[in-house]
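In what comes next, subunit A is part of two complexes: it sits with subunit B in the first one and with subunit C in the second one.
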Partner chain A sequence: MAVQPASTEIVSRTSAVINELKGLEGPLLPILHGIQDEFGYVPGESLPVIAEALNISNAEVHGVVTFYHDYRNHPAGRHVLKICRAEACQAMGGDSIAARVQQLLGVGFHETTADGSVTLEPIYCLGLCACAPAAMLDGEVIGRLDEEKLEEIAAEVRS
Partner chain B sequence: MTVTIYIPCDSGALALGAGKVATAVSQEIAARGLDAKIVRNGSRGAYFLEPMVEIETASGRVAYGPVSVKDVPSLFDAGLISGGQHRLSLGNPAEIPFFARQTRLTFARCGITDPLSLDDYKAHGGLKGLQKAVASAPAEIVKTVTDSGLRGRGGAGFPTGIKWKTVMEAVSDRKYILCNADEGDSGTFADRMIMEGDPFVLIEGMTIAGIATGATKGFVYIRSEYPHAVATMTHAVEIARRNGVLGVSVLGSPNAFDIEIRTGAGAYVCGEETSLMNSLEGKRGVVRAKPPLPAIQGLFGKPTVINNVISLASVPVIMDRGAEFYKDFGIGRSRGTIPIQIAGNVKHGGLFEAAFGLTLGEIVDDIGGGTATGRPVKAVQVGGPLGAYFPRKLFDTPFDYEAFAAKDGLVGHAGIVVFDDTADMLKQARFAMEFCAIESCGKCTPCRIGSTRGVETLDRIAAGIEPEKQLALVTDLCNTMKFGSLCALGGFTPYPVMSSINHFPDDFRQAAVAVAAE
Partner chain C sequence: MGLIQEIDFGTPASTSEKLVTLTVDGFEVSVPEGTSIMRASMEAGIAIPKLCATDMVDAFGSCRLCLVEIEGRNGTPSSCTTPVAPGMVVHTQTGRLKTIRKGVMELYISDHPLDCLTCAANGDCELQDMAGAVGLRDVRYGYDGDNHVFKKSGGVENFKWMAKDESNPYFTYDPSKCIVCSRCVRACEEVQGTFALTIEGRGFGSRVSPGMHQDFLSSECVSCGACVQACPTATLTEKSVIEIGQPEHSVVTTCAYCGVGCSFKAEMRGDELVRMVPWKDGKANRGHSCVKGRFAYGYATHKERILNPMIRENISDPWREVSWDEAFKHVAGEFRRIQYQYGKDSIGGITSSRCTNEETYLVQKLIRAGFRNNNVDTCARVCHSPTGYGLGQTYGTSAGTQDFDSVEHTDVAMIIGANPASAHPVFASRLKKRLRKGAKLIVIDPRRTEMVKSAHIEAAHHLPLKPGTNVAVVTALAHVIVTEGLFDEQFIRERCDWSEFQDYAEFVSDPRHSPEEVEKLSGVPADEIRGAARLYATGGNGAIYYGLGVTEHSQGSTTVIAIANLAMLTGNIGRKGVGVNPLRGQNNVQGACDMGSFPHELPGYRHISGDAVRDIYESLWGVKLDNEPGLRIPNMLDAAVEGTFKGIYIQGEDILQSDPDTKHVQAGLAAMECVVVQDLFLNETANYAHVFLPGSTFLEKDGTFTNAERRINRVRKVMAPKNGLGDWEVTQNLARAMGLAWNYTHPSEIMDEIAKTTPSFANVSYDYLETMGSVQWPCNDKAPQGTPIMHIDGFVRGKGKFIRTEYVATDEKTGPRFPLLLTTGRILSQYNVGAQTRRTANVMWHDEDVLEVHPHDAENRGIRDGDWVRLASRSGETTLRAVITDRVALGVVYTTFHHPDTQANVITTDFSDWATNCPEYKVTAVQVSPSNGPSEWQREYNEQARQSRRIEGHLEAAE
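What follows is the complex of A and B.
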């Protein structure tokens, strides 16, 4: 598991991200993306820093962070595996793929394996609907998932 | 002369191994000391042939596919770079039936050109529409778009020209062109393909919209699930700026226009236009009540054209060839072409651009070739998670906004998801409610609470608890959601639910019977 940075360090790194992006029109989402890229998650300590810089309330920042599925409040595993759970993938056996991947990794959706190697997440459509079932591993797209490919993925993330 | 080998960088092709194929091809070129270069094009959209590799020969393009890494050495042995015959030979790609039957207007270049070469774009007819636009009065541009009959391709089908006219006539110090690239509907990938395969056409369309309405700033809001599209669009905007397509003087004219790329954060509801605007402003992606219309008070309270990617990407060809040319395609009030996305359990999945009017049966059986599993087609969902499930008996429905509405369905963003006879429609109906519950923004009660109650009620049917009573309850609930929700998420979730109940009643009764028999 990644070592979490000390809070003073979080504040200074958060400020650096904010300074780079706060000139944009509607800067909050770009700033949150920037912070998640920086830390791998959006630390609670970052929120008051953002609120102060943008002159909005802590509650508003909290409201936005919690609205969107993408922002995490704690670090993910070393790998992030997203399995598409939407209709086109369902039509190609997506449910059994979802069941099998949970079995192979020993975790449910929204969970991280005990060794911190992988976080499993559902995703609703990767736009790979003509090569379903689809997944994304650390930003790399994978189509026509089957038992064999799932086993390869499981072995890769565990190594 | 250096031979050009095309290997797609479209994420659908990458998901099927195009990246590894490109690496293998480049290694073979080096090992054999050949005079060849690789261009990473977009995808033409036949995903059953991807990764599709093409060679530019003296007599035109020659295609091979689907190519896997292990085929690469034998392809070179067969004389790949001179278009030699191989087990995977597909001949001239334009003559492959899947492509030959299409009418490519919006996707004319997609899969053919290098997405990030402005020279290639121009050589294939790009920027002609914009050149006409900079020489035209705004009202003329708006009239051309209105006369073309173009309607919003995001799903609502609202006439694009009318939206533009409202913004053109609005008086404001600042106006925006907002491109909705939050393509969250399962079964759709046209926006992704055009952004990855021909990004300049979207930039050109948005710039024309800016000139027509007096807007000087554009945003493309792309969903975070599309990192490749974000990267390509970002790069394309930089190239367009460097070459004077964007900036203070568009193509040397007095018009200023610039574009910024923004990334969403995983909320499906942000595909709804008012929610998208809130999101871009840095707020929760909660739906706004209308009026005021976005065209009057949109992004940051300013007049805003908000259009889907395909609507905007269709504008350059309309400006270039004229309203009459575009309007000539299609049927009834659905004019022009529509990129149909054939997906799910289908043999020939991919993007098929055609004039409106093909029947659903032609699309699924003839073009799609039936199911991938070889089993009978049971249902097709048209228009994403909020679209109706159509049974085979409605396969004579022509692809047309009004014809689909008349059958209690919707064309939506023109995605078609095919299911074989193993599909359980009770489960699909439950998923529609569950998805609505997960993605609801929470502002209005019918959507927020109704979706959760819907899941519970359908679960009771599955458990065999008073099924007739539950069905009446779901029907009543769907009625409330349809007419009481603020936006299409809660308002359209009844489409997949009610179409499942109406067209596949056995799936709802059998569950109860099976439980009773235990």
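What follows is the complex of A and C.
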């Protein structure tokens, strides 16, 4: 796979994020978060720019980006729904919640609905075990999920 | 013979001097503090099972196979990451450990193909060995679930499976065989320093990825082979091993490329070379290699190699193949005729920096004793002759002061006019390793080379000077050191001549040498010069490494002297981590100089006018030697054009392509009556030859090469010469045909003669090299083990000599017609004139010479990236493609000279160093303009070359 030359727009927006965060100690992860905030994902064209700025190799940046689930390599839907699939939530009926949400949205995990409204993702522990089963919609946590709440969520993201 | 098996201790050696004693499986062993249990155990002769550990890289602790139990400690720590402690009692084999290891192995094998019989690594697979070592008998998990092994699982496409990457010409990457031990990634980072590999993904999805999920060829990979060597499985495998099979015996020899002089194991199957593997005991490379030495040996068996002697009356005739005897008789007859007709001094010869010391010695002996003149020169004339002069004048020896290991103690490295990442890659890797540990770097170079900034290294100061202003800039550094009182007075008083220092201090203190003044002519900001000078003078151990960017100037010798002055001023001479180190271009250019290849010097740099020295050789050789220096290469060519020089014997050098002002070289060669070329291929010079004597490769003969650190390394014959004779035998037979009674039966006898006649080689012999591995000259009764570091207690010449270094601008100046400055250099994948590397798959990286142009200069001229451009100077013109880059400064263009189609040396002028005639390759005033394709001259040249390579009875010309 040949690397496409970076478009100037992505490069300049990437550089702006880098310049803001470069001074931090261990700046790579904050920069990647910043870029994901900027673009909604981490564009492949940003990677060599980061590598150049931090004086590390393209491979190193790629290794870090692909290690973390949270960094996407393409844009997500308008909403991101994360359903906790970790042990406590599974014990509290998480499996049926997972099945139901896939049914309601018509997509599997790691997929985005055809209308681009929502991306469904599994997550492993939101630290909300006391309120299991739990989920996170666009950064907001939701506890004690049940069928009703799921339908509400589905309706909201579809609207 | 057998295959040389090097012990893998699992983790690198500790440098601590304090010993720690522990018990491993009941045996007491004492090792340096900081050693891992794994290594200590191996020292005791007990090999702990391991997969992710190898002693070229730091411990990682991921494979969980090397676990041990330690009395008094809980759990089963990994032996690679656990350091030894006094009194520790270690058990490497217990019931608990056996069970864990078997379980770990079972999991590894459950995601690994079981095609061992047809696998390329069969016979050289650590995974296979470990399965055997832990007694794995069964894999209970099967292959039905998730795996990386099969393209399809249960009839469905398996997306975890990845196809084999065969993009690199020399090795393949088969992800299905990968156990994700990270050895390749760590080798690329720690040993090579390129950081081209990573592990992408996580958990079961982890895979090795070159670059950003690219193939190897398009990634940042430089194909050094460190990953292939580190791989414990068939995941990274040499294509030659896939094709041929495992080697059955190996021989340690020395690489025939650059002046680093890496030691390799030539691994053989019969007389077929399977692969070259860097040898860990090699003191120059310490187990590392670059793409040239590791992989680019295919030229040795290339179809264009000439294997039969050939002669012709005129250079317009086709070649006629003849017997060796006829060739020798013909040459001897012609040379004697020419001498009879035009005088004794009308013939001469050129020794080769690619041949062995022994061969070089014989060629100069043939010229001095057989031709009875001193018309001998070598290609060092066009590269490092100013080093010989400059260091000889100031310190008393014509060589670098350090060994390569010294860089591990350097705090501030200064690189002047060199790009080791391209031209001396293994040294660059060692330097980068030191830089990553915190050493500082100063780069003085017109271009922003890889050394200025690349992954994890960045020069503290880059001085992008205008080509040709070296002397001014280095003198300005001295100005800062002297005027700011940063010099080492005690060192200077003890080791140098104080009055000469005072004179030099007065000279450099003059305001015209100040950074502010020098900025005006060099373009280097004064602050950078001041910063660099302060850092070098006060940053601890300061070492200077320099290359042809220093020597190949009209003031090359002056710059070398200025560098030597800097080191003396700051006391950076005579211990580890400091020194002045010329990076030698060719494998044996140091040796060729040592062996008396210069017209004014007998072996060991002793002037030909010295009666005592001549006596030694006169009595041994039984001839009277001429006490006047002979002609240098440029003088030979001038004399040829004038009609007084008519015959030349050129061993292994392509002067037409490598020497400056190609047209002048052409004219000189064309004016001669007998040009004898001894080479592997019909090189460019051979287009003007009357006799061609086929040469032999470094794989086909015994001998020694001397590298840039004065290290005499053995070259060992691994196959019979395809042309029938080693180069030393060719010279010997030629000498016999000319009536000399030579009778060497083996190159070791030639080395014995060298040792007998040359004090700095007095204790060198093949037997001694066999025991020592290698040795650095001087090696004599005063230094029986050789001399890794010179000038320890004082300079060889007595007191170090400061010499004034007045900057005189070169006569080659830019003007309205030629407003740009051309400078030339090297690229990683190609070597010198490219005769060898162009005949290997290395052309995949660099298949033509290109011209680097700054974006502004390009825009002014309407040149786009990839355009054909015409490059013209006062000497000539050529065409090539342009690459637009700001690596070069405004007003500077840059190219390489690896390809004869371009002939960059048509452009270069015949200006040369005032002291040594070393040509000024690095500065030529040029103009660049858009062009449609090859110039008239290039077309004519190529046609002439084609005509000249015809061989009677062969349908096609050889190249």
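Brief remarks on what is shown
Definition applied: the second predicted complex is superposed on the first by the 153 of 159 C-alpha atoms of A that agree within 3 Å, B and C clash if a C-alpha of one lies under 4 Å from a C-alpha of the other, contacts with A are read in each partner's own complex, and residues count from 1 in each chain.
Here is the rule we use: a contact is a pair of C-beta atoms (placed from the backbone, for glycine too) under 8 Å apart; a residue touches a chain by one contact, two chains touch by 3 or more.
Predicted, not measured: the structure shown is a model, and the values here were computed from it.
In the overlay built on the shared chain, the residue A:Cys129 is in contact with subunit B alone; subunit C does not reach it. Legend: residue contacts after superposition of the two complexes on their common chain; A:Leu47 is shown touching subunit C, with no touch to subunit B.
Of the two partner chains, subunit B and subunit C are each touched by A:Phe67.
Shared-chain residue A:Asn55: touches subunit C; no touch with subunit B. Set against each other, subunit B and subunit C differ in how many residues of subunit A they touch, and the higher count belongs to B.
On subunit A, the patch touched by subunit B and the patch touched by subunit C overlap at residues 60, 63, 67.
Those residues of subunit A whose C-beta lies close enough to touch subunit B in the complex are 24-30, 32-33, 54, 60, 63-64, 67-71, 86-92, 123-132, 134, 136, 139-144.
Interface residues of subunit C, counted against subunit A in their complex, comprise 194-202, 209-215, 218-220, 453-458.
Those residues of subunit A lying in contact with subunit C across their complex are 1-3, 44, 47-48, 51, 55-63, 66-67. Of all residues in subunit B, those touching subunit A in their complex are 11-12, 14-16, 47-48, 50, 183-189, 191-192, 217, 224-228, 260, 262-268, 279-286, 300, 341-346, 349-351, 372, 381, 385, 415, 417-420, 423, 428, 431, 435, 438-439, 441.
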